[in-house]
Amino acid sequence: MPPTTLENATCTFCGCVCDNIGLEADGDRIVKTKRACGLGEAWFKNHTAERLYPDALIDGKPASVDEAVEAAADYLYQANMPLVYGLSNITCEAQRKAVALAELVGGVVDSHTSL
Amino acid sequence: MITLSLKEEPPVPLEAEALSPDVVATLRYDEICALPMFLGKRQCRVDDHFVVEGEASDELEIRGDAGRVKWIGRGMTRGRLRIVGNAGMHLGAYMKGGTIEVTGSAGDWAGAEMSGGLIRIGGNAGGQIGAAYRGSRTGMTDGTILIEGSAGLEVGMRMKRGTIAIKGSVKDFAGLEMKGGTLIVGGAELRTGAWMTRGTIVSLTRIPLLPTFAYSGTCNPTFLRLYARQLGTCGFSVPCDASAGAYLLYTGDTAVSDKGEILAWQPHAS
Amino acid sequence: MGGKVTCTLGEVKNRADLIIYWGGNPADCHPLHFSRYTLNAKGKHVPQGRKGRTMVLVDVRETPSVRFSDIFLQVRPGKDFEVVTTLRALLKNRPVDEARVAETGLTLEQLQNLVDRMKNARFGVLFFGMGLTMTRGKHMNSAAVLTLVAELNAFTKFVSMPMRGHGNVTGADVVMRWTTGFPFGVNLSRGYPRFNPGEFSTIDVLVRGDNDAALILGADPGATMPQPAIDHLARIPTIVLDPKLTHTSRLARVHITTATTGISAPGTAYRMDEIPLPLKPILKSPYPTDEEVIRRIYEKVKVKPAWSPAAYAKVPCA
Amino acid sequence: MLRISGGRVYDPANGIQGEVKDICIADGRIVNDVQGAAVRTIPASGMVVFPGGVDVHTHVAGAALNFARGMTPENHRAAAKFIHSPLLRAGTGGITPTTFATGYLYAGMGYTTVNEAAVPILSARHTHEELRDTPIVDKSSCVLMANNEILLDLFEEGETERARDVLAWLIWAAKGYGVKAVNPGGVAAWKWGKDAKVLSDPVHGYGKVTPAIIIAQLAAIVDHLRLPHPLHIHCNNLGVPGNVSTTLETMRVLEGHRAHMAHLQFHAYGGDDWTTLRSEAAAVAEYFNAHPNLTADAGAILFGNSVTITADGPWQHLLYQLTGRKWGNLDVENETGCGIVPYVYKGSNVVNAVQWAVGLELLLLIDDPWRIFLTTDHPNGACFWRYPEVIHLLMDASFRRECLRKLPSRALKRIVLPDVDREYTLSEIATITSAGPARALGMPRKGHLGPGADADVTIYNESPDRGLMFRHPRYVLKGGEVVVEEGDIRKVVDGRELIVRPAYDENIEEYLRPLFEQYYTVAFENYPVEQERLEGADIRELG
């Protein structure tokens, strides 16, 4: 696969959220970064698009995403007091959906801010 | 009298603001059994979790470890609420009158933003006792809270009037942004009286102080004698005998005011 | 009663002549902060860059950030609140107890000098980090610096800003505020949002064992939280969505691998000054995005009978 | 297809004033007639039919409002709760409602279009994200320009033409609809802790540029670009005793141009200080009546809790010092700023009492309802969901007198309201809440019930209690769908965004890019809001 490049990419490693990063990818890896700091470079290079992990695990055993989604939905639905936590390393779009889900399952929703 | 005996400790917090003398005073047995509560997100009935006895009374007794039962006595205005065991968070929050007695311990926010009545806690209490809820300008505006044991953070935060007396020690930020009233503690950790503008904090032992409190001499104020007499009847002893010692008076918090007072008892060297 | 006086980072770049970092180590943790936004940036009204600015660092220990600073004030651990409260009094020329000031590790003279610098700045900024917000006093330490900075505006232009860590934690605050009214720790179990830090904040909920299921997104509490909290996560059904198998994944009942935010998942992230920026993925992940997985879980729950009574019973209450 | 049958129709744009008439709807629009079995009929006899409300000036989304939400948890605790249901999202109402609640509250009151009046370009992406989560109502937004330093620098250098291209580019970058000027030059000066109080004095940091120049230039550019909405201006010296002279001077500067004067109530004060503050509504109205180039909205205040949110930073610092309460301030690089201070208007306070009267006086003394619109500058003067209270006051002089009796007598000497007997008619109410603002916003499909209009219709049970009548519409239709019935939300539709794409010279980007790299902290390419983000937006291209 030929390398692809991206200018003005946004780094979400730290709160600086630098948005002037140059990236060069080869296949399923980022091979070169421009204007990123050491932390940012490691962030970009360490997250590949390789299939390193199973799609999903249920009780430690590989499962399909469909099965895992079903199991997750059941657990959250059954719970009296579910907790939705984290939200820091996901997009705002995912955060919006997470709040909607927390509402639907009647739970607590919280981020790293509360630490 | 109505008694509610907790069947077992709820698996998640149970929100039970219906459990107050005002609500049950006029209810029949079956109506009390059917009162709504919330176990997490699920609405349930009082008799799902409690064995109910009695009806139509403004004396309510709750038995068992209700440490996970929140909002008991919320906003109550009259009657007697006795908890034989522990009580969860927000006990007697927004309370206006009547009496609450807990033989065990109580969670955070007991008596938060209360405006009258008496809360007695036999064991320890959590933080934010008699405090203002987040963002509110004013905590308790009247009434009395007596605690036999110790208490947590931010006790009496933004309180304006009323009395809190705690035999044991409290954690940081007792009397935070206090605007009036009296807070009596056995001892305290750090930052007592931080940003207080008015009111009086009395400690029965020496406590660490912020740099923004100025030493203003010793005293044995008259008003304390009145408090001592009154609290004495409840088993709280507040020293006020000039022959035994004196209070060191500090004023502050100079970051915001010089009208707040911290009094720390110092017995005479014997 | 305090509040919050802040700005976007470009204001700092274009104007700040006094930059204070408190309880943080930007040289290591936010490496490009100095060059892009603050100290070394050449700004519209600070064309000379570094030479036009003074940097003060306040921290409990010497870090690599010290060598960037003009003035380093080493405060004793756990004494930040005392120092800031003292500064508030000095700002108003109110008396403070010199001996108790000295217990903070800083002298009255040092603090008076800092107050004078702050008052005389043309445009001052105070960045505060986790060394302030996660040590004894926590939210009150933040409140203290926010209030100090608000009060400084009676003398000059001064702003403050938290040095937020984790990528899009700021976005989480922003999104929760517009959807629920509150920035974090929101309980929706009664069908509407409620907020009470200490009661609904995750560590407290977990340590007390108040929840009976958990969905963990973009976080690894299994690696960072106190042991009782981790034990509780292992006890209850925990579900993790993450691009990697995390510590939490290992104790969870369900793990779903997702595409990495900003690398293979598109969307929006907020910078620490609440400026939203687009995320443009360069790699195509074999895994679905968090957004998609959450949507699928949502849809699965949505078709189940509503757990909420159509209208909540009005609970009788005094 | 739908027929609203037998209602008394108030459609001022089409000259219909209370005629009994059917309104027909097909495919989300008003049509002349509908036939056949598939037609649903809403029997509306004995009811009053209005075009859906249009709010010309409100603050419902974006960084500033969201900042305010975070600052005031105590308000949300006390606010109306919006409980999650299979149809509705959870939320809180109150002074700064959550986005979902905002949509439900506006629709519940019969309003179907809102104009968010203050959008910084740098955080416009955020505003649009919130507007996307604001259901039912259609939305437009005004972009903050009067303290944009790139524009100010061009005005300083006399580069009018280039400024025109920059402004047009910025509107499209923000995916905005109109141009807003807030305290021209004053917010730029606030970045140095200063203000701009005199229209003819150079702005702090500039040699030539004055607030008057900024106002005149922006108004000329807006007219030149033929933006549908005229320059939307928040004058200098908001809220300050004696500011009437600044307001009148601003209006004089605007002669020969279209302009919309925002929240005029806050700009119509006489007196020298807080103790001598008095109403100058009569003087403002007199000038305004004689100058048809202007429209205005009231910015009325009502007694009770509010949160003041404005790009006017210096005013907010003053208010913080006056109230000693919380203060939020957020300066946005090169563009604008905003301040946030919670405030309580009290009937017993002479200043607040005068302010209350001024808002009503302007609405009553400005004689053309097509040029003055109902707003409270939400949430500054009062929450938008309290508009029915203002309508009641406008329609009922005896109720007004009753309220006046409760004011301190010292206030009565400083206002003219006791001498005003005018009562609004239903047709005039339809004008100030819908037809007028739609026309001022330049939205030809809004604010009327003629063929081709969007089928946004509000149907009221007629009641002598006007407050009650306007608080609880019997039906509200948005785009032909019945969204509210008997006070309950019955259906949630997505509102769409209205945006404008003015023409500009594409080469302007080559001028902007280097400036951008120097002054801003985000990449030039990441600055404009991506068009794909605004799904289903209604984009008007201007040639």
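Chains here go by letter, A, B, C and D, matching the order in which they are written, and residues are numbered from 1 within each.
The criterion applied here is as follows: contacts are C-beta pairs under 8 Å (C-beta built on N, C-alpha and C of every residue); 3 or more make two chains touch, one makes a residue touch a chain.
Since the structure is predicted, the reported quantities are computational estimates derived from the model, not experimental observations.
*Asks:* If you average the C-alpha positions per chain, which one ends up nearest the average over all of them?
*Replies:* C
*Asks:* Per the centroid of Cα atoms for each chain, what is the distance between chain A and chain D, given in Å?
*Replies:* Chain A and chain D have C-alpha centres separated by 39 Å.
*Asks:* What is the distance in Å between the mean C-alpha positions of chain A and chain B?
*Replies:* For chain A versus chain B, the centre distance works out to 44 Å.
*Asks:* Rounded to the nearest whole Å, what is the centre-to-centre distance of chain B and chain D, using the mean of the C-alpha atoms as each centre?
*Replies:* 47
*Asks:* Quick one: chain B and chain C, Cα centre-to-centre, how many Å?
*Replies:* 32
*Asks:* What are the residues of chain D that contact at least two other chains?
*Replies:* 71, 73, 77, 84, 89-90, 129, 133, 325, 522, 526
*Asks:* Could you list which residues of chain A touch at least two other chains?
*Replies:* Residue numbers touching two or more other chains: 8, 10, 19, 79-81, 92, 96, 100, 103-107.
*Asks:* If I count partner chains per residue in chain B, which residues reach a count of at least 2?
*Replies:* In chain B, 11-13, 40-42, 133-134, 137 touch at least two other chains.
*Asks:* Once you draw an edge for every pair of touching chains, what topology comes out, line, ring, star, complete or other?
*Replies:* Topology of the interface graph: complete, with all chain pairs in contact.
*Asks:* Once bound in the complex, which stretches of chain B touch chain C?
*Replies:* 11-13, 15, 17-18, 20-23, 35-38, 40-43, 68, 73-77, 89, 96, 108-109, 127-128, 133-134, 137, 172-173, 176, 190-191, 194-195, 209-215, 253-256, 258
*Asks:* Write out the stretch or stretches of chain A touching chain C in their complex.
*Replies:* 4, 6, 8-19, 23, 25, 28-30, 37-40, 44, 47-60, 65, 68-73, 75-115
*Asks:* For chain D, which residues are in contact with chain B within the complex?
*Replies:* So the residues of chain D in touch with chain B come to 71-75, 77, 325.
*Asks:* Which part of chain D faces chain C closely enough to touch in the complex?
*Replies:* Touching chain C from chain D are residues 61, 63, 66-67, 69-71, 73, 76-77, 79, 81-86, 89-92, 96-100, 122-123, 125-126, 129-130, 133, 149, 191-193, 205, 317, 320-321, 324-334, 337, 340-341, 518-522, 526, 530.
*Asks:* For a test of understanding, state which residues of chain C touch chain A in their complex under the given definition.
*Replies:* 29-33, 36-37, 134, 163-176, 179-180, 183-189, 191, 197, 200-203, 205-206, 210-219, 221, 236-237, 239, 241, 243-245, 249-250, 252-257, 259-272, 275-280, 282-291, 293-298, 300-302, 304, 307-308
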